[in-house]
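Take a look at the structure set out below.
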Amino acid sequence: MSLVDLATSIEGMTLRNPVLTSSGTYGFGEEYAAYCPVEALGGITLKGITPQPRLGNSVPRLAETPAGLLNSVGLENPGLEEFLKSYLPKVRKLPTAVIANISGFSLEDYVEMARALQRDSGLAALEVNISCPNVKHGGMHFGTDPKSAEEVIAAVKVETNLPIIAKLSPNVTDIVGMAQAVQRGGADAVSLINTLLGMRIDIDQQRPVLANTFGGLSGPAILPVAVRMVWQVSQAIDLPIIGMGGITTWQDAVEFLLAGATAVSVGTGNFVNPQAPLEIIQGIENYCEKKGLASVRELVGLAHKGLVT
Amino acid sequence: MSLVDLATSIEGMTLRNPVLTSSGTYGFGEEYAAYCPVEALGGITLKGITPQPRLGNSVPRLAETPAGLLNSVGLENPGLEEFLKSYLPKVRKLPTAVIANISGFSLEDYVEMARALQRDSGLAALEVNISCPNVKHGGMHFGTDPKSAEEVIAAVKVETNLPIIAKLSPNVTDIVGMAQAVQRGGADAVSLINTLLGMRIDIDQQRPVLANTFGGLSGPAILPVAVRMVWQVSQAIDLPIIGMGGITTWQDAVEFLLAGATAVSVGTGNFVNPQAPLEIIQGIENYCEKKGLASVRELVGLAHKGLVT
Amino acid sequence: MLTEGQVVGHECFGDEAQRLRRLVLKGPIAKSAKPGQFVAIQVQDSRVSSFDPLLRRPISLAQISPDQDEITLLYRIQGRGTEILARVRYGESLSVMGPLGKGFSLPEVGELWLVAGGIGIFPLYALAKSALAQGLRVRLFWGGENQSFLESAGLSQWQALGVQMHLSTLDGSLGQKGLVTEELQARLSQLLEQTKQVGQSSTGQINVATCGPARMMQAVTKLCLEFKVPVEVSLEERMGCAVGACLGCICTLTDERGTLIHKKICQDGPVFRGEEVVWDVSC
Amino acid sequence: MLTEGQVVGHECFGDEAQRLRRLVLKGPIAKSAKPGQFVAIQVQDSRVSSFDPLLRRPISLAQISPDQDEITLLYRIQGRGTEILARVRYGESLSVMGPLGKGFSLPEVGELWLVAGGIGIFPLYALAKSALAQGLRVRLFWGGENQSFLESAGLSQWQALGVQMHLSTLDGSLGQKGLVTEELQARLSQLLEQTKQVGQSSTGQINVATCGPARMMQAVTKLCLEFKVPVEVSLEERMGCAVGACLGCICTLTDERGTLIHKKICQDGPVFRGEEVVWDVSC
């Protein structure tokens, strides 16, 4: 029995602990079962879904970069109908907080999905991805313009009684402005960050490595950018932040909590170490004990104390 | 005697080869003399200068990140007057193309420095840094708003007869829009990219690692973002591009050339391997030979051929 | 399963110029693995905390020794990751995920024909051993660059298995000059003749398993369909999670209704029925 | 100079719990190096092409053996980089930049007093040897955690040098209980008395060189100024280029006119005159 209270809560959603897994890196929650029992996790975020089924981009979809990974999956997913029919019945039974992730190419897309996903679906929250950089125009427009971001969130918010998590793109000049916009829109929390837009070139073939040319950069390489954005946003808005971007070790996770994240999410880190989430939970607990903190909630934003920035 | 013509030219400036070293990572050109003879380089870019001397930020100014480096030097430099008096006489004698790098906090700052630096100074070009992310407001404003970027470049352009290289910040939503703006302003070339804004937190001390909290992220970690921006910009403007961001090996450099850069610049890579520029020049030459190219200029943008993006 | 594989053997495999390595790891994986499955291994000792290279590398099981609790991996130094892997020494330990994916299916009875291109031979060795253990007759068709490659890539081990072999090299330095598929075609037609003579309609209980370059496996599949022989192919793609969670490694298949669908090579494969695969997208 | 240092020795130094290592590298650096200078080394064999960790690590020269073309580095496993460095094995080679910076200045004649805090002792060993070789009298003031630390960090080697030693430990397990500066102060006052008696105005030809925690070096400097003894200090800061090109490692000094200036520890230092240093900024 631990001395540290790991439980935390994000507007309308209570979490066993502050460690989630990230959309698109954890399938529909069962793929990693043999490596990491979902009941140990604070929660999982499902692969992004769209109203219609999508086959996504051609392969190669992945390219390794120094301490990073480029992906151009292109939002491959079974579509809303199939999700409701074949996936939801299973995932709702998972013994952890299950967050659905929705992407769209028009306001109507988002509205349609929000309408279909309510509290009685058994989901814990809805993460609205307005930032997937892989699909041409895909979400990008919503994710980089404060006004449309606010609109999407507002539109989604009235359609569902599930907590709304706005997932922001880092590919913007002013992340704080985006966060304030989704707060105005009525978001209950924000997820920071999605992938940075990048590309690699195969110098032998003399063409882009990814079939889609561009891809989203994730992994340890982007951690400093993610921590910075969490830091800035936590100073500017009151909403809880789910911090992500390169988290692979418990030390990484603690950085995000100290920077102002209420919870953290592991994505690419699962590929490196499928037990990373477990080790992170344990590491956070030990860290709190060592620092004499009764609750992990005391860690949130602690590094801002006594700093003028 | 090589079969490959490595010479290249950037509007009004001819380079022995397409490999430069980057501002702020190569001092005033002499620090690395024992490791890499400047006469072997296409050129060097000097540490950024400002009208007034600056002591910069407190230490720690550096923090290592996965495959990356955060720096918050804060534009420490001797100031324009001292530069003209004590540094210029030396650097103008260096047997390579010497590019000065100027930063400012107002339009007037840039104008003052441009006026003081003309062709007869012995410099090859003027790189205008509108993007240093370290100093609060410092340059940032110019670097993230197309209109002011255009103004600065236009103002500088009329003051000096030196070629103007606009150095852009990657911390923007629309890098193409920024590049088009400086082209309108009359830039002769663009440098891509400066550092990404990031931070690290010391979980033991529970405060930011850098005394300045934020720093600029450089090194291999940012290479995929830099290649992507070079690729996008080269499709949108006619100006030659100096590609940089994480270049450490000749393969990295070739990626930038294939993506559309006319020349490349090595920054943090020098810290990892002080002979990187030499190895890169050799590697590019061998690569061209292997691919049967008579001139390195044929490499520029080659990866765009036969791709619809 | 995630385990620490202790390096109990790591040496150059064959002629150094071929850049092949043989890596033997001790661990529980062998007990539950079957031929055609693979592992995702980290390329540096697990005590080195470096994120470059970041991803694990997928390598097939070339030999499975449950009694010794050992798996053998054969790999070619291809790029940065395998170069670093090649420096790992005896006694170090590597983080291993596996066994991963679904392996080849072993027919109950009859003949198993293996068709290998280049280093596609590696996973087929484990398959051959299981097949022989089960009393199946095994025949190998193997094509490679030249004699030096075939000898480096384990020819003697195969000879020791005593299976019938049809070798071909591009330069004719060993076996037939040409492509492995020509050998396969010749043998299949010959067989069809025989079966015709005894008045059978099909070539009988023959199953084909192939691994190698996509183009080759595509040709093998085409032949097998012509001669009505069931064929299994082992596909490759870059991998992220290796467990079916990231959709990085998909291949395109046609389902019963002939509509295009995506499957995950890491989880649903790497082995698929040849006729399912839509080659011109996958490769 | 950039060279490949071949690892000809790498072992645990003293009690494992102290996490100290002794690394001996073969290469031309020794010929041109002097005490107080340092090298910037990559923490993995140069054939491993990994960018994580990215930067070289600065380590002082603890021993310089020009005849054997060897340098000895003593380091503490501090974090990720030195942890990885500690796994480097005999026969591997590390990329080494150096010798870097300006070392300690050796007085022509008189006594050289060395004041070390913790692992600040490492660079002073090379200095002591040169000083003795030049016929100077050497005296060591060394403070550490406890007896185990001092013994692990090379006490016996120092005893072998036959220099006079004033040891202190925080827990009193060896030498005086307390801070090394108390020992230094006692000895300086004592000396002042003697010189007063023989009617001299200053403590004569004594020079102090110190390395250790900034707070300690600050205190040492304060004492030396009081007693009018010239003192040199060796500063530390995180480094990028290690050659003066990036301005990452600056320290704040006061020039003749008393105005604040910045100097580069890697290029202008790491050794500075104590009175120049503006401690409350630097540490």
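All chains are identified by letter, namely A, B, C and D, in their written order; residue positions are counted from 1 within each chain.
Just so we're on the same page, a residue touches a chain if its C-beta (ideal position, glycine included) is under 8 Å from a C-beta of that chain, and two chains touch if they have at least 3 such contacts.
What you see is a predicted model, and the numbers here were worked out from it, not measured in a lab.
Common neighbours of chain B and chain C, by the contact definition above: A, D.
Annotation: 37 Å between the Cα-based centres of chain B and chain D. Mean C-alpha positions place chain A and chain B at a centre distance of 33 Å. The distance from the centre of chain A to the centre of chain D, with each centre set as the mean of the Cα atoms, comes to 47 Å.
Multi-chain contact residues of chain D, defined as those touching 2 or more other chains: 51-53. Counting partners per residue, chain A has 65-68, 219-221 as the residues that reach two or more other chains.
Shown here, the protein chains touch in all possible pairs. Residues 51-52 of chain C touch chain B in their complex. On chain C, the positions that touch chain D within their shared complex are 44-45, 47-53, 80, 83-84, 87, 89.
The touching residues of chain B, counted against chain A in their complex, run 65-68, 70, 144, 171-174, 196-201, 203, 206-208, 213-215, 217, 219-225, 227-228, 231, 246, 251, 254-255, 258-259, 287, 302-303, 305-307, 309. Across the complex, chain D is touched by residues 24-27, 31-32, 34-35, 47, 55-56, 58-69, 71, 73, 76, 219-221, 248, 268, 270-275 of chain B. By the touch rule above, chain B contacts chain C in their complex via residues 66-67, 220.
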